[in-house]
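Heads up, there are several structures right after this.
Two complexes follow with subunit A in common, the first pairing it with subunit B and the second with subunit C.
And then the complex of A and B:
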């Protein structure tokens, strides 16, 4: 084995080590605060339940469907939504203000790893305890709202891949968004515009087929729908094999774009950083 | 009179502090505009698929959305900052500074913070309510308007009690980072008439989490749906919840031990 090959192998191994250790620590940390986690989950689950109740009410008032979607279909959409949303939670761009103000970042800069690895690994680790807390909620919601859900094996596999794709894309995008904090401290309004666009164009608020046509066209050109609508529809929507694969391809494309933007933004942003306290 | 004097003093102090940062007003106004925009967009989407939602027309629901935004302004300006400070101070043991003052502790911890600019939501919510009312088919009398204002105040009181009960939990649970998320999540249910929710959820949203009383009942007064029994129940419930909150606060306080104790 050549010297460079050895070096490459050991750097891959140390990266795997880093991810494994961070994930393990996060699992333990999260399980410590079960009550807090459950309360947070309750707050989060309210959002889809509200949407679900509203749209089921409309469906029932119109002979059982809204544009072909039955209350059962809405139930399936919004119950899978909770799972996708849980996967979707990543380091908030609002957190960068704290990292910069408290000088938290200085420590991270000393590490030999790009800081995004830490965010990716730690939030990936948090997903596992969350999933445990989630299962009873999903079961309860299913018993109450009776979703019509009948995925085949391929859909299930694509779903499992797609929720991780959604996680990576949203991590990268929110990382890039957080970089804005290096230039200005008044970021709240900017972030809010972004999350508003996400709410309306991602399928978070309602299944995209219920949106006006021009918004559907718009969201086809943006990354948002690959972090909500696509993973959900992969499981509940009865998509064809080819459109499932196209969707995964688009996730890959947005991962590549997101990586490039995140790395570029980071290189520009970190030049603006000066630690607090020195 | 002393509580009022104290409140006036804290308001003056906080206002003096806030007007130092006038640019924040424009940011708060912009953010308020966005939240109105979201409310309107959601409403437009829903009513592009239906004419009424559980008997509520678009204009009537606009009144609910307005009330919800208005009350969220009250919460963000006057209630939430106090409660978050309380939770932090219980954790860090800094509550001593409030407890050693010769005033009622509940009063004191509820008055200390005021984010003036956040109150811009009160204004934009009121405008949304006015637009909704103007588009209603029937006009409303002065009696309805007064009832609306009274029930709105009651709604603010209910939300205050609910927040304080949650925040008092910090005497038992140290890690309370989820509180704001929990409240924001649950508060979103107030965007819709409470009648659309299934029974168990409707009852828990009325009595357990008093969003239903806080938001829907004032809106009912403006849309001529309010029966006087509902108003009486709301009043009685407000009184009972205030007493419970008071008791629970004192009960929790007994568990408090300062930072070094």
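And then the complex of A and C:
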């Protein structure tokens, strides 16, 4: 057999195959560390539980609500928050420095495939074992905090689409952010500014309706809201059909913008890396 | 001046390098606080000419040894030819592709194996990483399975590929790494010190494997190694590079005949004393016989000089040419 006679699968089919294979590989990797996986999942619940306890206490101190949100509404928000947060964990931009230093980037550059696909597929695969662990946690939290949650079928469907939309947007944004590493080695400060903006403008810290008006207006023009607040509200907020569709449309828009920026940044970054790297 | 021994290429060209140059711009400063403060405001840069105006061609099916001391420019050249680095100037073409464009069709036809890098999934058996490579390189399952089993058989690593990679020794990992890099049956192999850190048995196994792959698939191989045994076992032709410049390009026997005129006799005497003698090749048997008859020798080895010594001879000739 000659090496020149190697056959290749078709493009779309092989891309689906790549995603499925990577997802399978990542599930197997997660299963290698069952205890760590469980501790990680439990640890991730700490942040929303703290927010939930604080806001429930404030609500009770204000006669039962804060800006119309009851303890049950807060419970619903932050319990769904845990799932959304789990879903939008992506490759950290801090990791690019490690990739470059350890030579992993060279390995990725040798593959006939854009590395964003590997990041998207591998983190999607990691979420599947997490989801199984999330179920008992959500039951426990619901028994303790009594969430007010009554979504209709459309809201549930939009939620499922929106959490994946949030995952893709956040993946693309963090990928682009990681590209900064190619020009400057001390990138921590830049990343911290970005994550602070995300914390305040995404609905991660608190529901956006509790933020000042100007913050809500600003958040509508930025992608952060569509990675936390919109998916959560799609399930718990009683959004109208038109609001749900507008939200999905905005996610689509930010996916398109994120894709263009990520591809452009990657092209420039690789050119820079391959011009000066050693 | 470059020395070229007569060499007859066997088949049409695969790797073409013409006046290839790579210059790195690196920051530098003196040690100490004052220099650190100065560099805050005015950073000083230095140009490092890693590869300077090199030219060579490699024909289909050749195994070429790329030799030189650390920092000579070997890895930089391999990185340019595999598309990881853009040349500063000059032209490099492999299989008709310009490597720096990193075209997918090109990446599917070549591989770069670096002895100190790991591209396998650390926590999983290598079989799972191989499966991932199948998907990345779009290989039909049937072809993939046949190639995988064939390569596993050639290196005799059937029991290793089922263990998590993290539990393999360095040598075992290198073997599965090499198989993983060849599943897509690349036509061009860039091997950067593939036997580094391996014991003699592992080195021999890998060499035999590379030779068999070359024979079976007609692949072209450019190999760097500090082990002369690798080069002697695999390469008819060598390119010697130093300070980014090619000093010799020709047959290996021409290199050793021309520049390695001595061998080293290492002996351990009964008293525990160690003796090391540099002896002209023609006088090896006489010197050995004399040593054995006149001293109480408990251990004796005769070796070619290290590759660095041979290269030094090349430099010496270069300086006087």
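Quick note on the criterion: the second predicted complex is superposed on the first by the 264 of 278 C-alpha atoms of A that agree within 3 Å, B and C clash if a C-alpha of one lies under 4 Å from a C-alpha of the other, contacts with A are read in each partner's own complex, and residues count from 1 in each chain.
By our rule, a residue touches a chain if its C-beta (ideal position, glycine included) is under 8 Å from a C-beta of that chain, and two chains touch if they have at least 3 such contacts.
Quantities reported herein were computed from a predicted structural model and do not represent experimental measurements.
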| item | value |
| --- | --- |
| Which of subunit B and subunit C A:113 touches, first, second, both or neither | second |
| Partner chain(s) touched by A:67 [first = subunit B, second = subunit C, both, neither] | first |
| Contacts of A:206 with subunit B and subunit C, given as first, second, both or neither | first |
| Touched partner set for A:152, first subunit B, second subunit C, both or neither | neither |
| First, second, both or neither for A:243, with subunit B first and subunit C second | neither |
| Partner chain(s) touched by A:217 [first = subunit B, second = subunit C, both, neither] | neither |
| Where subunit A meets both subunit C and subunit B, residue numbers | 33 |
| Contacting residues of subunit B [partner subunit A, same complex] | 23, 27, 30-31, 34, 37-38, 41-42, 45-46, 48-50, 52-54, 173, 175-179, 181-186, 188-189, 191-192, 196-198, 201 |
| Subunit C to subunit A touching residues, read off their complex | 24-25, 50, 76, 79, 82-86, 100, 102, 104-105, 107-108, 111-112, 114, 116-117, 119, 121, 123-124, 128-129, 131-132, 134-140, 143, 164, 184-187, 217-219 |
| Contact set on subunit A toward subunit B in their complex | 33, 35-37, 39-40, 42-47, 49-50, 53-54, 57-58, 61-62, 66-67, 144, 186, 188-189, 192-193, 196, 199-200, 205-206, 210-212 |
| Parts of subunit A lying in touch with subunit C, wherever the complex brings them together | 1-4, 6-9, 14, 17-18, 20-22, 25, 28-29, 32-33, 103-104, 106-107, 109-113, 270-271, 274-278 |
